[in-house]
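Each structure below appears as structure tokens.
In what comes next, chain A is part of two complexes: it sits with chain B in the first one and with chain C in the second one.
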Partner chain A sequence: MMSKAKRSILYWIILAPLVVVILFPFAVMFVTAVRPRDELFVYPPTWGFSEFRWENFAEMWVKTNFGGALLNSLYVSITATSAALILSIPAAYAMSRYRFAGKGLYKNFLLMTQMMSPIVLVLGLFRLMMTLGLVNDLNSLVITYAAFNMAFTIWMLQSYFNSIPRDLEEAAWMDGASHLTSLIRIFLPLAVPAIVVTAIFTFINSWNEFVLALTMMRSSEDFTLPVQIYSQVAGRYQVEWHHVMAGTVLATVPVAILFSWLQRYLIRGMALGAVK
Partner chain B sequence: MSSVTIRGVKKRYGAMPILHGIDLEIRDQEFVVLVGPSGCGKSTLLRMIAGLETVSSGDILIGERVINDVPPKSRDIAMVFQNYALYPHMSVYENMSFSLRLRRQAKEIIDRKVREAAEILNLTKFLDRSPRQLSGGQRQRVAMGRALVRDAEVFLFDEPLSNLDAKLRVVMRTEIKALHQRLKTTSVYVTHDQIEAMTMADRIVVMNAGRIEQIGTPLELYDTPANLFVADFIGSPSMNVIRGVLGAEAGRAFVELPDGARLFVPAMASGKPGQKVVFGARPEHCALAQGDAGVAVQVEVVEPTGANIQVYTKLAGAPFCAIFTERHDFRPGQTIRLDFPANKIHLFDAETGARL
Partner chain C sequence: MAQSGLSALCLLPVATAWTLETMAKKAHISIPMLMVLPSLLLATGIIGYPILDLAWTSMQEVSRFGKLQGFVGWENFAEVFGDPLFYASLWRTGIWTGAVVAGTLLISMPVAMILNDDFYGRGLARVLVMLPWSISLTMTAVVWRWALNGRSGLLNATLMQMGVINEPIEWLAEASTAFTVEILVGILVSIPFTTTILLGGLSSMPQDAYEAAVVDGATGWHQFRYITLPLMKPFINIAIVLNVIYVFNSLPIIWVMTEGGPANGTDILVTYLYKLAFRFGQLGKASAISLIMFGVLLVFTLLYVVLLSRNEADAAPEDEVKGHDE
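Up next, the complex of A and B:
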């Protein structure tokens, strides 16, 4: 028998290479983001920096129009997430509670759409948005993101809804609640953990999506964060790497922190949902 | 409070018939128990009364009102579910007051009713807890409390005690009965446990495979079961049954067993010599025969329970159980003679199973 301490050290050693591979880009990102410009390409490369330059962020914010892109990203992600949820919750409820013709077929269809990458559809989608007059309109992204995430959200919500006992709603009806009241006061509160998970998932997907955003958005005021950051790199004579990395830090870290905080709430919610 | 009338009610799931026409009149203030083996349709019938299942044909009435198409929320029925179905995100107090809050009752009235019910059910200490923090028996009581605060017309129970351990079940069944004697709300109680049925019911409805086999008071079912199914279902250990042929000799009727032994029975009004019958006698109604009266059986196992001794024997090759309150000292392998009081003997037609 190994002691617990020994065992965890062993596991960490086994995991170490993986951790390094994952953390390396982040480390480079952080270090580059806070360096003065003339230390960017010192040779040999070092991890240190002569001063911790907060100004990088401020300069980057102004120079790259970060604020505008941030608002665009927030608008697209929040609206797409809300739309996906508003449409998926009733769909998932119906899949979980009612029998209807073609239910199995519909389930398979949902699964199949997950096997297709959006990139094969990019051309078709672009033409569709042209016809709808939505090219260069953030709402085209809202629609496509919501649509592409819905298969997953319906699937995920449905399997969680199945685990919420029907008895609870029936008990509410017997207590004098209408269908709608029992949905709002009994069912939805219990479904919160699943709704939060799917919301996080959809939000992150939309937040990070690049290909469609690059295709649909033509003018730089409409760029979302990934496209905006990319535009600081692509086709430039001189790339301001410290600004690019500062932008990347700002685009990822707050979201990561927000969701790791939400996750705690999520686990509490899961325990709450457990019946019996 | 109200009567419940069920008239020719049938239930089909798709093409499959589950209930084949149920007629039942539950009187005001009565405690009726539906009992039967698993899958016989008890829950289905109860859920139809509750409005949770549609009625395929026939009528269900509460009082004088046909309620087939009335949604559950408007039926004024309270139901206790098998797994209690407590709202996990609400405290005990909120669980119990939910129905009253939906009806927008005044806060003081809600508070008074919940506290009254909690007092009756010994739940006052737990009002602020969440259902997760309660034991099985306490949850069961909260489920009862939720029904209690409502002053509903009818209470429905679907195997409310089946998730409890044996001891608690006995306690709770007495509590439920006491509660009914106090509130007198018309109640329909589903169980597959015949002891629960016998101890709690004003009247028992024995169901089997989507049909009612017999309706009666516990003692009626015990003393005069209408058919073999009821005879076997009611009573524990179950009634001994043995196949034979009815015969008569010198003015005395008897059942001749496969091995030629004769069990004398009171002269039968119905039933004629040569008819194939089933002879039934409850274990607790066996007596030791005087001299060479009665019938010889071979003792196999003797089980003293303290209050009595249960003797498992073989009669004409079939298992036969006898219970004595006297402290006989039987040995395995011993042959004893059993006799049956004439008024405690049951005879059934071997083909139809109906009582003769």
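Up next, the complex of A and C:
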């Protein structure tokens, strides 16, 4: 057997190329975001640049209406996450604690909805939102994100709920508490960590969604961040890349930090639930 | 499960004739059902209804502005199947999906095995490998589009400063290089999810099997070939099917980097579908393609359900409240 030190060196050598490729886009983002504008298109291309221009961020914020898109993204992601959770918590609880007619069917139905990506349905969804008068309305995204995330939230919550011992609830039932009371007073406080983790992943999913936002939001003041940044790149003769990259840094880094902090819970949830 | 539901339904008329006690039992059945109902309604409305609408639209002549102008039967489908661009996109979708899924799996398997082992800095390594997952595909694609810029992109800068190339390469100007690069980016962003699934499998491996193998003098390769791989098969299968579904459906990378161009050279079904629907206003044809893709997805989903239930058959069903419906 190899010693742990030797093994560590070997493993890091094997992982190194992958790590470089993963970090490369981040490096590109940072280096471009703080570059002076006239050093973007130099020949021959180079990593070096003359000075850190932190003003790029402030400039970008004003010129591209970053604040507006940020608010839109926050509104959509928070509302959609809340809606998905309010609908998923009772469903996940029922799936975890009861056996009832049609449960297996519902499980498979959820699976199907999870496999249906928005892109296959995008035309039908657009027509639906036209009928409902919700095109150009951020709430169309709230509804669709909640619906498309529900399979994930129910399944994630259920796998955590399964790991919460049910003795306490059973004791409450013995004492004459109704199922609703035991759910709210006893079970939910125990489930808070699971709910928080699920909420954050739903938030990130909504935050990152592109296809539906691109389709439903037709005017620039309704853009969410991914669409806003895409719109600065697509179909433009001249792209202000230092602004685009400053935007991506601001839009991705907080989420990346949050995700890095929480990823082990996701791994745990998957190990518990999906693929036992 | 569906069977017990059916038997409950058959018992319903009998039950209504029963006493209060049975009524209470019935009420118990409906509590969990009520809890599930709101989520079911939303999913049916937002995910179920559009499928029906697409099926209906695909049989109609549709104006540019979405007005249905009469039933035309299979004409939209006939138009799709007579379209060389459809076949080109279909073919490319196959290459895209196959290459990304195969590449992802080949890289993720050793990465997952390393991350499952104990070594210095494993926490950091896990965070780094998972990093691409946290970032919107759109943002990743935007950054790569700039990094691959033919004149001033930082990939060319890196390669030129390292002396690998002398002239900058126009990565995205030609379909063949653009598509290759897109596949590589596709692999990069699929690694975290795949590694997660495989890690879930590896962490449940029985250690005694390896110890016994070591006692019997099995080499590392033999352990991998005859213990790890067979035991990991269910997880690998699930990783394959899920990735096929996700990659098959993935629009942002190709859309942001090349929009299916140059000259439709990187179009896959989703980008072609999106162009037909929202650029060229060919809504009937776009609905037909949506429906065809839905069919393909359905096949893969059923495959996934079969794989899952086969895995679950091995694991005993865990603690559920004993049912009231039997």
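The working rule: the second predicted complex is superposed on the first by the 241 of 276 C-alpha atoms of A that agree within 3 Å, B and C clash if a C-alpha of one lies under 4 Å from a C-alpha of the other, contacts with A are read in each partner's own complex, and residues count from 1 in each chain.
Rule of thumb we're sticking to: contacts are C-beta pairs under 8 Å (C-beta built on N, C-alpha and C of every residue); 3 or more make two chains touch, one makes a residue touch a chain.
The structure displayed is predicted, hence computed values, not measured ones.
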First (chain B), second (chain C), both or neither touched by A:N208: second
Contact breadth on chain A, by residue count: chain C or chain B: C
Partner chain(s) touched by A:M174 [first = chain B, second = chain C, both, neither]: first
Contacts of A:V19 with chain B and chain C, given as first, second, both or neither: second
Touched partner set for A:T113, first chain B, second chain C, both or neither: second
First (chain B), second (chain C), both or neither touched by A:G133: neither
On chain A, the residue positions that both chain B and chain C contact, one per complex: 274-276
Chain B residues within the chain A interface of the complex: 50-52, 71-73, 77-79, 81, 83-89, 98-99, 102-103, 132, 146, 150
Chain A contact footprint on chain C (complex, rising order): 1-2, 4-5, 8-9, 29, 31-33, 35-36, 38-40, 42-43, 45-47, 49-51, 53-54, 57, 66, 107, 110-111, 114, 117-121, 125-140, 142-147, 149, 151-158, 160-161, 168, 188, 191, 196-197, 199-201, 203-204, 234-235, 238, 245-246, 249-252, 256, 259, 270, 273-274, 277-278, 283, 286-287, 290, 293-294, 297-298, 300-301, 304-305, 308, 311-312, 315, 318-325
In the complex with chain C, residue positions of chain A that touch it: 4-5, 7-8, 11-12, 14-15, 18-19, 21-25, 27-29, 31-32, 40-47, 87-88, 90-91, 93-95, 97-113, 115-117, 119-128, 130, 143-144, 146-148, 150-151, 154, 162, 166, 179, 204, 207-211, 215, 225-227, 229-230, 233-234, 239, 241, 244-245, 248, 251-252, 255-256, 258-260, 263-264, 266-267, 270-271, 274-276
For the chain A and chain B complex, residues of the former touching the latter: 165, 167-168, 170-178, 181, 186, 189-190, 272-276
